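Chain nomenclature is as follows: A, B, C, D and E, assigned in order of appearance, with residue numbering initiated at 1 for each chain independently.
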Amino acid sequence: ACGDKKEEPAAQAAAPATPAAQPEVTVKLGHIAPLTGPQAHLGKDNENGARLAVDELNAKGLEIGGAKVKFELLAEDDQADPKQGTIVAQKLVDAKVNGVIGHLNSGTTLPASKIYADAGIPQISGSATNPKYTQQGFATAFRVMANDVQQGHALGEFAAQAIKAKTVAIIDDRTAYGQGLADEFEKAVLANGGKVLAREFTNDKATDFAAILTKIKSKKPEVVFYGGMDSQGGPMVKQLKSLGLKSVFLTGDGGCTPELIKLAGAAAEGQYCSLPGVPLEKMAGGKEFGDKFTAKYGQIQLYAPYVYDSVMVMADAMKRANSVEPAKYLPEIGKTEYQGVTSKIVFDGNGDLKNGAISLYQVKDGKWEYLQTIGGDTAADAAAPAGDKK
Amino acid sequence: MDIFIQQVINGLVLGSIYALVALGYTMVYGIMGLINFAHGEVVMIGAMVALTVISMLSDSGLPGIVIALIGLGAALPVCMGTGFAIERIAYRPLRRAPKLAPLITAIGVSIVLQNLAMLIWGRNYHAFPPILPTSEHEIFGATITGLQIAIIVIAALMMAGLILLVQRTKLGRAMRATAENPPIAQLMGVDINRVISLTFVIGSALAAVAGLMVSANYSIAHYYMGFILGLKAFTAAVLGGIGNIAGAMLGGILLGLIESLGAGYIGDLTGGFLGSHYQDVFAFFVLICVLVFRPSGLVGEKVAERA
Amino acid sequence: MIDFAALKRDRRAALAATAGLGVLLALAPFLIGAAAGATWLRILDFALLYIMLALGLNIVVGFAGLLDMGYIAFYGVGAYLYALLASPHFGLHWPVWAILPTGALVAGLFGVLLGAPTLRLRGDYLAIVTLGFGEIIRIFLNNLNAPINITNGPQGISGIDPIHFGSVSLAKPIDIFGFSLPSLHAYYYLFLLLALGIVFVTIRLENSRIGRAWVAIREDEIAAKACGINTRNIKLLAFAMGASFGGVAGGLFAGFQAFVSPESFSLMESVMVLCMVVLGGMGNIFGVILGGALLTILPEVFRHSAGPVQQAIFGKVLLDPEALRMLLFGLALIVVMLYRPAGLWPSTRRRQEFKGSAA
Amino acid sequence: MAPKSARTCRPWCSTIRASSKHIWEAPLLEVTGLRVAYGGIQAVRGINFHVAEGEMVALIGANGAGKTSTLKALARLLDAAGGSVRFRGKEITNLVPHELVTQGIALVPEGRGVFPRMTIVENLQMGAYCRSDQAEIEADIERMFSYFPRLKERARQLAGTMSGGEQQMLAIGRALMSRPKMLLLDEPSMGLAPIMVQKIFEVIRIVASEGMTTLLVEQNAKLALETSQRGYVMESGEITLSGEASALLADPKVRAAYLGE
Amino acid sequence: MSGVGEILLEAKNIGKHFGGVRALRDVSLTIRRGEIYGLIGPNGAGKTTFFNCLTGLYTPNGGELMFDGKKLQASAPHKAAQRGIARTFQNIRLFGNMTAMENIMVGRHVRTRTGVIGAVLRDARTRAEEAAIRRRAEELLHYVDIADRADDLARNLSYGDQRRLEIARALATDPQLLALDEPAAGMNGTETEELRVLIEGIRNDGVTVLLIEHDVKLVMGLCDRVAVLDYGAKICEDVPAVVQHDPRVIEAYLGGAVA
């Protein structure tokens, strides 16, 4: 009874080939992150970043292909669950979005990326850092931040060279992100002649780290590295101090948040973290972004700036292609050279950020203070090579 | 050696926290034979309410203890009311329903409370203001904070109080009678609805205390915190023998010790093959072993099953 | 249970009903695809997977009365087995027809492994041990990337071969006599076929000596023993059967998603499958199917409506749609159980049971 | 055993107080048109009977006749589908079960229903749940021990581990602990050794002779009718015969149907 | 009846204690094939405990049980059933939410073979077996005279009918020895009389019966031999006429009333 229901590549619908008749064209951008569950705060933060970008674009009033474009954000919740991730991905494809921003977690980004690839819809993640994401050979997959390998390396180098630590202990939270980062950190430490005295583990819902920290204490490492999120990192720092560990604490982007300081209290003082890209205040438009965001949504949690950049990159590619059709503007994304608020964004062949810069920070007076940037061409021209090392 | 002692202390503190929560579980289970899946969520609400009040007062200049008590004073009625409402809405209509029906409503309640809390308190993690003295004490080279000592003491006191209540008072007897045979208990003149409500209210009061202690100890609270805590506490209650009050305490402490020593020594025990990521495996393994040899938990009474 | 007597009496009506249902099931993907889009097709595919899971768990919980809260582990075992045997991870690329039976077998073995230490346990003790077992499996999946990399740890396994028969891959539109069958449709038919197979096996088992022994154990274990039932073997059989269904569903999941990672096999998933069984109507195959379908679809309905409905009624979104969605889901669980304590579509047995005790 | 009217209650117990002194012209218990149904099945189909103060009345009938259902309805463990039950002139059909005790009714349920994980003493204390006269309670426990010395031997044993007969004694003792005005006994001799049956009926007689009103449901129809003053015969949910116990005992129909002769 | 045949069951010095309670003390007795053997004694004497040891639900602390010439394995109830020992329970233990018919069909479990594969394929052998199970169950329903309640849930049957159903379920296992724990409890005189006829019929069909009962009239009228337990020990074993007049039995069990 039914005819062929061949799945149309979701492309043409959004701008149904109506060049001049319709003065306005709606561009649907999908955004996916966990909005419920333990990581909901980060998900919302990402969504807000995307919203800010969309609002700005709309306020500016872009014109593409002769029509005024209005961006519309379709925000979905994947609960950090891979299965839900694919369902909402499909929902976005069905809704014929012109592009997708997200997902937040590598775990959901990976399976979903296949669905976007099949539908030919470009995807830019502002937070999925698992290297695999861009290595699957999908032309549609991009990310605007350094992946775990790059960041782990920078962190290892920093520990060995800047902190001059010979011995480290490594903890990770057994998530794709935490484990990946910790493994790369370990490699880098070893490569730099350091020693890993202990490798301990927790999980992304834990609050009690006394046992592993006590064990680490007995090994007396100079640095304790944690691959994981702020919600564990904060209490961990606090317990580290109260157990009397003398080691300094170092963590990646997941813990590089004001939240960590809030949760750790006084114990946070002097600890380190890294963040892909370059500090906001050093970037053109960065401080502005920060102010705007804070005014509208409150404190930045973590990846909002990257997500903001992702949207901007996508819009930029559309502009250059002079089309909002995925098939048309997708090639342009690969050629991006965009000055974002987090760094200068240029993609390599896989869709990874070229020369992703990593910046390091330390808590001083209850705030993250910028220390230095490792890697990335952009580091040089954006940030003054500040002499304020440790 | 001091490392070992520190691990034992870590285990005791963690275990007491589990015990605090497990007491509430066991109490309700003992009377209703019902896994109150939402108990962890009540703990979370206790933590959230206490934290909210305490945050508002943290600059008031009042002594920390006083602020904490005010926080608890606010959390208690909210939790008790929540517990009361949960029983009324989700469990009471299902008293005579198939056994798993209330388990499902409990899961439903748990989801509802979590998301309500998310709407009220937002998605962010909340930091507990540092109002309580975190003075560290040295015992045999190991450290423990005053708050942690308080947690251990309070858990023990609450257990003792509950045992007294259940074993020695008339209300306690009515609770046990209701637990064993509700219709017959009614024949004795026990208003079982009232007894069950009271049980929930008391259990929820315990949850409020637990919520405050947990969030103060880890200085963190989040709308999702109840789930894992509840799960661990439930495990502890079963380990001890669910329905048994002393068992909940014992199970809690034991689980705490197992986790702590497991995380600390599992690597050495297995020649480095397994690490602290198998801490929970280790804990569940011990649990399974205990239950294989003592199918009703460590101190759970053997059901007087006569063929 | 189906009223076989009535069906026998009215063979013709039964045949007509079956035929009608068959046509409906066959056309479903086209109808749904046309009316609601591919999202709902994908949801339908997942619903079928969950129905298989729920049917498997139903054997353990619904028939044998063993409260299993770690059931998702078998799904995980099946999924990982598929992933390991058909992905670049080990460079193995077994064919589906070999993997699925292996998955069923291995999962069944795990079922026995889980069952063995729990034989003496009852009720809630069993619940916590099975829960622990489920967590143990997940933790192993999550951590077995070192010292030898078996599961690839938290990173999961990607690039899994899609389900394919020879050169025909379900991941791409399939050409049948010039007619192109989209991937989601193809998966639907495969899942449907296997789900129907599971339904068939379950019905046959239910109405057999084995099925009666399961129910007898649930009703009174001591009396069952006295009737000469080897309760140990019969319980283990329940665990094994249930687990093997889970294993099959897991394999399909891996092939369908082309990616597996440990977070898909969390405790909450076990709980959800349990909800499907109980809410649908424990012990009744059709109730369980209904439960599986409903609890897969309901959250998606809420997802699609939480925002727009508010928009329509209030002119703006008052409550965070995501929180509202979960709130509604939780409420739905409560309300359904309050109004239908024996489940939406209880078995006649359970229905009477409840009536009896309510009186 | 003179029932004391000072039956004050703890707050979590029921608060309805037995109405004070009052002269009843009507019988102590009066049942009219009582019906009980399980779903669609009518177990009791509109029966009428009464028990006067101080009387012992037997209710006999075959398995499934509806005797237990009747007693359960009287004790409010089941909702009546119709009819009325008046106790001491007061309608009790709408009370909640736990209020019955304060009205002065105690039921010894079929199958004993002891609290298995409580000790004998605790079970007895539960019987006195609605009383607060601690000293009197102690004395009553001692009296139960004197009726049933076996209970005293096992005072601290969990009731669930006692033999059937021991549990039956406990159930009767527990019911008496509330100092009821009226005792409803559901097959007290079931599962008891002959010597124990004698023992229990002895106690029942003593209690009755002290003025306790008793409604006795028994399968051992002979014994029941020998002990009672009046009797009712129940068949398929209806009362088909009634009269003086001795007359029923002599009735050939009764002898054929219930005495196995 | 002079039911003296070969020895079917021999209990040697069976002991069982629960903590401090010694429920059975060195109980020895022999039951012959074709006999109706009564086991009486005051409440708490250990009769049910003996049953539980016999059927493998309890592991005796001492002693040995020989059944049909071979040792009975301790604590393996299903093996006991396989060997041919069936029982009823003092507090009726039916499968409450199964129909009367299904209850009896479960009883056939031990004498049937169908496994998973047979059940799924439902081959000719399975179908034949299933039909046989059904047939036998129907027969037994008639045998105990509750055929009209075949499709009712066991829990909804009246007490007496439940007792009958339990006997039918036990008979379904094709036992050599049927152990009845107070089958007449809760029955009136007339019903007890019907029960007597039933038990006699069972014996005449070749099943040995072990009967615990407090209805003295029934026991004395039915049993070939009777053993009396008191405080866990056997105090007497003989034909009813003798037992009835044994002073120890009168003192411990019968009291004044000799039925």
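The definition used in the following text is that contacts are C-beta pairs under 8 Å (C-beta built on N, C-alpha and C of every residue); 3 or more make two chains touch, one makes a residue touch a chain.
None of the values given here were measured: they were computed from a predicted structure.
J.: Where the contacts of subunit C and subunit D overlap, which chains show up?
T.: B, E
J.: Enumerate, in label order, the chains that touch subunit B and subunit E alike.
T.: The common neighbours are C, D.
J.: With chain centres set to the mean of the C-alpha atoms, which chain is at the far end from subunit D?
T.: The most remote chain is A.
J.: Taking each chain's centre as the mean of its CA atoms, which one is farthest from the centre of subunit B?
T.: Looking at centroid distances, E is the chain farthest away.
J.: Whole-Å distance, subunit D centre to subunit E centre, using C-alpha means?
T.: Centre-to-centre distance between subunit D and subunit E: 31 Å.
J.: How far is the middle of subunit A from the middle of subunit C, if each middle is the mean of its Cα atoms, in Å?
T.: 34
J.: What is the distance, in whole Å, between the centres of subunit A and subunit D, each centre taken as the mean of its C-alpha atoms?
T.: About 75 Å separates the centre of subunit A from that of subunit D.
J.: So, what's the distance in Å between the C-alpha centres of subunit E and subunit A?
T.: 73
J.: Going through subunit D residue by residue, note those that touch at least 2 other chains and give them in order.
T.: 38, 161
J.: Residues touching two or more other chains, restricted to subunit E: which are they?
T.: Subunit E, residues with two or more chain partners: 48, 57, 89, 91, 93, 156.
J.: Could you tell me which residues belong to subunit B and also touch two or more other chains?
T.: 115, 118, 277, 280, 306-307
J.: Please name which positions on subunit A make contact with subunit C in the complex.
T.: Listed in rising order, the residues are 1-2, 4-7, 35-36, 40, 76-77, 80-83, 86-88, 90-91, 93-94, 106-107, 110-111, 114, 130, 132, 136, 174-176, 178-180, 201.
J.: Contact residues on subunit B for subunit C in the complex?
T.: It is residues 29, 35, 89-90, 93-94, 96-105, 107-112, 114-116, 118-119, 231, 234-235, 238, 242, 273, 277-278, 280-281, 284-285, 287-288, 291-292, 295-297, 305, 307 of subunit B that touch subunit C.
J.: If we count contacts the way the header does, which residues on subunit C are in touch with subunit E in the complex?
T.: Where subunit C meets subunit E, its residues are 200-201, 204-205, 208-213, 215-216, 219-220, 222-231, 237, 241, 349-350, 352-353, 356.
J.: In the complex, go through subunit D and note every residue touching subunit E.
T.: My answer: residues 38, 41, 60, 62-64, 111, 150, 161-166, 168, 187, 190-199, 219-222, 256-261.
J.: Enumerate the contact residues on subunit C facing subunit A in the complex.
T.: Going through subunit C, the ones touching subunit A are 27, 30-31, 33-34, 37-39, 42-43, 46, 142-143, 145, 153-156, 158-159, 173, 179-180, 182-185, 253, 257-261, 263-264, 300, 303-304, 320, 322-323, 325-326.
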